[in-house]
Amino acid sequence: MRKTFVLAALAAALTCGAASAQQINVKIGVLTDMSSLYKDATGPGSVMAAKMAAEDFMKTHPNFKVEVVSGDHQNKPDVGVQIANQWIDVEHVDMIADVPNSGVALAITQVAAQKNKVFMASGPAASDLTGPKCNGNMVHWTYDTWMLANATGKAVVKNGGDTWFFLTSDYAFGHALERDTAAVVEANGGKVLGKVRHPINTSDFSSFLLQAQASKAKIIGLANAGGDTINAIKQGAEFGIGSGSQKFAGLLVFASDVNALGLKTAQGLSLTETFYWDMNDATRAWTKRWQAALKTPDKWPVMNQAGVYAGTLHYLKAVAALKSAADGKAVVAEMKKEPTDDPLFGKGTVRVDGRVLHPAYLFEVKKPEESKYPGDFYKLKATIPADQAFRPLKDGNCPLVSG
Amino acid sequence: MVDIFGIPSAALFGQLLIGLINGSFYALLSLGLAVIFGMLNIINFTHGAQYMLGALSAFLLLKYSGLGYWSALIVAPVLVGIVGVIIERMFLQWLYKLDHLYGLLLTFGLALIIEGVSRNYLGSAGLPYALPDSLRGGQNLGFMFLPNYRVWVIVASLTVCLGTWFVIERTRLGANLRAATENPMLVRAFGINVPRMITLTYGFGVALAAFAGVMAAPIYNVSPNMGSELIIVVFAVVVIGGMGSILGAIVTGFGLGIVEGLTKVFFPEASNTVIFVIMAIVLLISPAGLFGRRA
Amino acid sequence: MERVVEPSAKVMPLRRHSEWITFGVMVVVLLIAPFFIYPLFLMQALCFALFACAFNLLIGYVGLLSFGHALYFGWASYIAAQAAKVWGLPPELAILTGTAAAATLGVVAGSLAIRRQGIYFAMITLALAQMMYFVALRAKFTGGEDGIQGVPRGHLLGLVDLRSDMAMYLLVLAIFLAGILFIHRIIHSPFGEVLKAIRENEPRAISLGYKTERYKLAAFVLSATLAGAAGSTKALVVQIASLTDVNWPMSGEVVLMTLVGGLGTIFGPVVGSFVILVMQYKLAFLGEWVLVIQGVIFVACVLLFRRGIIGEIANWLRIRL
């Protein structure tokens, strides 16, 4: 009788002790594109990346319970805002990750600020997110239009591509990309010989490619994305672009697009990404895990998906330091205090305006005969160090930056 | 060189040629739709998805059985045509007596299913399919570089279009078909198996869509979305030409290619929208399209 | 032209008031709903329900299939957003301005489209919608693919702060109910009887002396106006107006909602829109299986449940809904 009493008291004491180690619950919502053009560059791959980050973090922090939910914004700002609000108000989500599609991202960053939660933007490209639209609840990972324009533009001009012709998507994103890249090209001694604007979701580019050929520019800059880029490159191959005197420079190309094109068609294409699965042993190991978890051995992770992993890890570290995820602003401030360090992007920092600085890489797509195994797409042409890859702080017009 | 509206004439001829070639592709794609509507009175919204299935089959044939482009041109339309026959027997045959609306809604639903399933298993970025080696390269015509593949496109499209028109308008088989749609009872009384003709006609229309899909695979991105991007344009072509008129679809297809080509030179941002402007104008002037029969 | 909707069975005298009873039930349900269901979702659903009802007015009661109805919904939402955000109008005026814009567009588009029948009518509406989509894409004020964001909800009549979800919900509910009552009034009026006559047999209506073109145009403009009211309200609810609202998949969605709910019934589009929206949000975890499921529903509705949910119920109970 007494023994049971002692045992019970002991048990009670132990459980009290464990409870005082304070269980921290965090809920992460991956708001992504599951059904249209960004699905392969984000989608289920992003959700898996977040889950992997949660798993890895919980291994080293047993008092954390991290739950990952996902939603499809279908590239519609309305749907994105609806899901985000419902997640925050009803399901107590603390952090929203990914959000490819800048229009949706701009709306979500407002929601995060209004409701004081965190927006970990690893998907969108708009450099305005760390510019006029910046706020204290958002961190912008992976890439933005300024970085793409600068990295690809400068590096290609330095490599000899000094005359450009632009094939631009006729909407704000395409215009911004063209404008930024043209500025960089000219600032580095190159010349823009001409441009043509095409509607989004154009199937046939032959007419535009003829115009590009007629200009005799060495580089045809593709200021577009997704299916438009793929179609332009595919049809360019018919016209001999890429294997002759003219080459393409892809201003927003993901490894998933290169996979879709095949090396025969995409060879010689220059592009910038901040992550490549085959970079080093750490990225290779992570990629194997990712492929196994998704059961897709013939798909490779792309920088957006890697960004979800890295960003989520860094976020969780900040939450651990504060012991709570409740105050979004505080968590973001903590994220800006600590440098970032993860197996995928290496070392970096989060700046005052929310911009994450990490190195960027200029790649060129290999010829089919240079590729030794499936997934061997790129050769590294140049590395741009973190402090030069992104727009200088003073040029951003971010209200958070004083002066 | 003479300048026309500020564009050197050499460049303009190049653009017109490209426009003509694109027009032949539009004509090929619209042909199946026109045949199906003309013969069956069904507005086949699944046409885009069936075109996509043709391209997809070409990819799968290459990947899993090593059959290249030339074999795919024959095998893929047959395979997808069989799918079409199944669709007709399972779904469409119940709708012939109803308003056009239902056929349209049903085929729209089928298109969603086909695209959704394909997207789930194959992703949305696209699948690689390269130009066949025998058609690589091109000719330098002086005013432009003309890829060999594009020459093949216009030759094949013209052949298939004119062949189909000939069969339907000038042969006995075609005559039977046209009679069957006007008065099935009477034609059956002559001992002709009308339901089977209708099924096979639908299958043929679908096979035409798939054929266009295989033709597109080497040059357009092979993705589950490829059909839905083109279906609206194809519809517009058929409507402008006059629903049910084979010749109308062919002529309008070519016409649209040329108009679009010119728009791409002078006002490129509007090149996706110009077809709708033309459609509105044509419909307001001529009630049933250019060559159509009044409903 | 063949009849689009099959008539419901003979109305039994005791069930004459079925429509009012159902209306009462609906009001009660909608009044208590926000305590159980997330109000932001309910508000969006009500806007789409009104949009679907407006569309149904044209297809269910006049027999005209419009492929470009997103034109009125979307442009009204843009104008209302512009009015609230840039011109600083109070919410009630912003909504009225958006609705008026939709009515104007309806007059212009309608007078062009009405001249044709059947599929050609549908294609003209599509062509006009696509042209206006192009305008929306290029016009500076629409913000391109980012849309107009951060639309303020403002203070209703200068008194009620609409930032509260409950207050906004009551406003949306009021607009929705007013819309439904208005449609009910139209359908059960002499004007509505002429519309139904035109749907059944237009040549006969003409031979009876009715200027059918004018009736059709009036119905078209009414439908466009109500769609505009839905769009303007939605802009204030979600505080965004974007290209998705004027794009043709939006036109396609409203067809789906009406079909699933029941063409030619008053409550059909309401039920249909709720069903479709619930599906999109609750099944969002299924990724693009949602599209496949939508396709399956389309096919099933056309083959088996042609009357839609409400239509089948009405037919089974032999009442009018």
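Lettered A, B and C in written order, each chain numbered from 1.
Just so we're on the same page, a contact is a pair of C-beta atoms (placed from the backbone, for glycine too) under 8 Å apart; a residue touches a chain by one contact, two chains touch by 3 or more.
None of the values given here were measured: they were computed from a predicted structure.
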item: Pairwise touch network: line, ring, star, complete, or other; value: complete
item: Pair joined by more contacting C-beta pairs (A-C or A-B); value: A-B
item: Chain centre separation (chain B, chain C; CA means) in Å; value: 33
item: Chain A and chain B, separation of their C-alpha mean positions in angstrom; value: 38
item: Multi-chain contact residues (two or more partners), chain B; value: 116, 119, 269-270, 272-273
item: Interface hub residues of chain A, defined as touching at least two other chains; value: 35, 39, 170
item: Shared-contact residues (touching 2 or more other chains) in chain C; value: 138, 287-288, 290-291
item: Residue numbers on chain A that touch chain C, as the complex places them; value: 34-35, 39, 43-44, 69-72, 75-79, 81-83, 85-86, 89-90, 102-103, 106-107, 110, 170-173
item: Touch list for chain C against partner chain B, complex; value: 1-4, 65, 112, 115-120, 123-124, 126-128, 130-131, 133-134, 138, 248, 252, 255, 259, 287-292, 294-299, 301-303, 306
item: Complex contact set, residues of chain A against chain B; value: 35-41, 170, 196-199, 201-204, 206-208, 210-211, 213-214, 226-227, 230-231, 234-235, 237-240, 254, 256-257, 259-262, 264-265, 299
item: Residues of chain B defined as touching chain A within the complex; value: 11, 14-15, 18-19, 21-22, 116, 119, 123-131, 137-138, 144-145, 147, 149-150, 218-221, 223, 225-226, 229-230, 261, 264-265, 268-273
item: Of all residues in chain B, those that touch chain C in their complex; value: 43, 91, 94-95, 98-102, 105-106, 108-117, 119-120, 232, 235-236, 239, 243, 269-270, 272-273, 276-277, 279-280, 283-284, 287-289, 295
